[in-house]
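Same chain, two partners: chain A is paired with chain B first, then with chain C.
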Partner chain A sequence: MSFDCSEHLNYKVLHLTGEIDLSNSSEVRRCLLDIINQDYSVIVDFSELTYIDSSGMAILVEGLNTANKKKTSLKIAAANGAPRQVLELTRLDQVFTLVDAVSDVKE
Partner chain B sequence: MQSKELLSKSWISCPSQLSDIRKNISDVCRQLSFVEQDINAIVLAIDEACTNIIRYAYNDCRDEQIEITVFTDGKQVIFRLHDFAKHVSKDCLNFEPTPALEPGGLGVQLMQKVMDSVEFIHTSTCKGNLLEMKKDLPKENT
Partner chain C sequence: MTENSQKPSVLIDVKDLNSGYGDRQVLYDINLSVNDGEILVIMGGSGSGKSTLLKNMLGLKEPSDGRVLVHGLDLSNASQSELLKLRRSTGVAFQGGALLSSLSVGDNIKLPLRQHTDLDENTISIMTRLKLELMSLADCEDLMPSELSGGMLKRAGLARAVIMDPKILFFDEPSAGLDPVTSVELDQLILKLRKAMNMTIVVVTHELESAFTIADRIAVLADGELVTTGSVDEIKACTDKRVANLINRSPRDVQIDAEKYLSRLTKGAK
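Let's look at the complex of A and B:
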């Protein structure tokens, strides 16, 4: 698993690559919360993510809760395949704002 | 039909092993002709069960054992996950779905959703905990 950051409009984009599970989810948590705590809105880019388990989803839920408290936002882009299935199985697809691609976020 | 063993392997209770466990489960499911979506879901359910063993049964102790046995009776594929920790309460599988913005219990929720049955088998001869999960085989395979 690896991750890196870029910018799109006023958003920080967190690009996740590979597999997120218990072995590495705490690294993702630190990075995500660090961005949100700087009062940025975030797009989490799933386009290169091949797997995420519930420990990863829990981090995104924590991120969303923190963003809501700070009146910023957290969106998920390009969730397909197995990660999309996890969102649907947990019904979190109804909780997060999902977009097809980072570039689809216009404002 | 006689049961057929498909996998019997042991891993240490370290999160770094999860990737290899997923690969083994994925290979078994492919052998049984599950479609990609079902393979993803089954792999996720087993991963969640192993994660729970590491976090809660072994309290993040990383040098314990997790034994996984997979076999089929011709109608279902049966996954047995054996740990050697103290007995855990069967109640940990009885969950109330959590509100969407509370992350707790997601793993158990996923296991229950994906599998056709999930239960602990407690026997006097079995040390630790034996979690059994069953999934109906794809129609063309039964």
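Let's look at the complex of A and C:
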């Protein structure tokens, strides 16, 4: 698993690659909450994410909740395959704003 | 599985397994494999050896002969650290839920995470609630196990079994004692878990409908022997009398060995 951060418009883009599971989700949590606590809106890019377990999903839920409190936003881009199925299984696809690609976010 | 398809990778391999309790042999020369990502249902009547086979597959019971390999690891020869690592990626849902009665439902489900991970308590709480939602137990986090119905206990046990997102899930009698609607819901949940989490699932059951709904393959045990293994259609078409009896719910036609029967009845008599 690796992750890096870039920018798109006024958003910070957290680009996740590989598999997120119990062994590395705490690292992603620190990074995500760090960005949100700096009052940025975030797009979490799933385009190269092959697997995410429920600890990864929990981190995104915590991130969304923190962003909502700060009146910023957290969107998920390019959720396909297994990560998409986990979102649907947990019905979080109805909680997060999902976009097909980072470039689809226009404002 | 068609002949043309790629050969599946074997996750659990049971080889020439014999097992029993004291002098009483329960399993005889079992050879069975579980493929990565499949749902294998082990079926059989009461006393057929289903639970003993499950205990051996979990490494909770030493075989008297033969081997059980999981991810190529021989459970009989594995070190404690190898077994611990394997068990962290294995979930087990026991028949009655097996929750600790002194802890709330939520604390029961959190237990494996608190014991085996250093995740933040916020993350642990959200993971627990995600699993409770999945099991339709959203309002039960603070209840004690004694306040749950049988079906709810079973679902809470399943929530705890999958809290670490295991690669292998063992489920002992998911439908036993449940009403038909709850039973069907649980079957659907098992299918969803496999699809979304790509789990390999071994289910022990004697419920035909449940087995036919969820199984990729069914292994039928009778009197400690593996009668056959096959797809749902193959099992339905199986002509073996013991399999047909199980499917048609016919009582067992027990053949008595007169000499052994007499010996059992008169054991120790002067």
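Methods note: the second predicted complex is superposed on the first by the 107 of 107 C-alpha atoms of A that agree within 3 Å, B and C clash if a C-alpha of one lies under 4 Å from a C-alpha of the other, contacts with A are read in each partner's own complex, and residues count from 1 in each chain.
As a convention for this text, contacts are C-beta pairs under 8 Å (C-beta built on N, C-alpha and C of every residue); 3 or more make two chains touch, one makes a residue touch a chain.
Source: prediction; values computed, not measured.
Enquirer: Fit or clash for chain B plus chain C once both are placed on chain A?
Expert: With chain A aligned, chain B runs into chain C, so clash.
Enquirer: Thinking of the overlay built on chain A, is A:88 touched by chain B (first), by chain C (second), by both, or by neither?
Expert: Once the two structures are laid over each other on A, A:88 reaches chain C alone.
Enquirer: Identify the partner contact of A:19: answer first if only chain B is touched, second if only chain C is, both if each is, neither if none is.
Expert: First partner only, chain B.
Enquirer: Which partner chains sit in contact with A:29 here, chain B, chain C, both or neither? Use first/second/both/neither.
Expert: Only chain C; A:29 stays clear of chain B.
Enquirer: After lining up the shared chain so the two structures overlap, which partner does A:64 touch, if you call chain B first and chain C second: first, second, both or neither?
Expert: A:64 contacts chain B only, not chain C.
Enquirer: So the two structures are superposed on chain A. Out of 98-106, 242-250 or 260-268, which stretch of chain C collides with chain B?
Expert: The segment of chain C occupying space taken by chain B is 98-106.
Enquirer: Identify the residues of chain A that lie in both the chain B contact region and the chain C contact region.
Expert: Comparing the two interfaces on chain A, one with chain B and one with chain C, the shared residues are 21-22, 53-55, 57-58, 61-62, 82, 85-86, 89-92.
Enquirer: Can you check the complex and tell me which residues of chain A touch chain C?
Expert: Residues in contact with chain C: 21-22, 25-26, 29, 53-55, 57-59, 61-62, 82, 85-86, 88-92.
Enquirer: Using the touch rule from the top, collect the residues of chain B that touch chain A in their complex.
Expert: My answer: residues 14-16, 18-19, 22, 37, 40-41, 43-44, 47-48, 51, 54-55, 100-104, 106-107, 109-110, 113-114.
Enquirer: Which positions of chain A touch chain B when the two form their complex?
Expert: 19, 21-24, 51, 53-55, 57-58, 61-62, 64-65, 81-82, 85-86, 89-92, 94-95
Enquirer: Which residues of chain C touch chain A once you look at their complex with the stated criterion?
Expert: Residues 117-120, 122-124, 126-127, 130-131, 133-134, 163-165, 192-193, 195-198.
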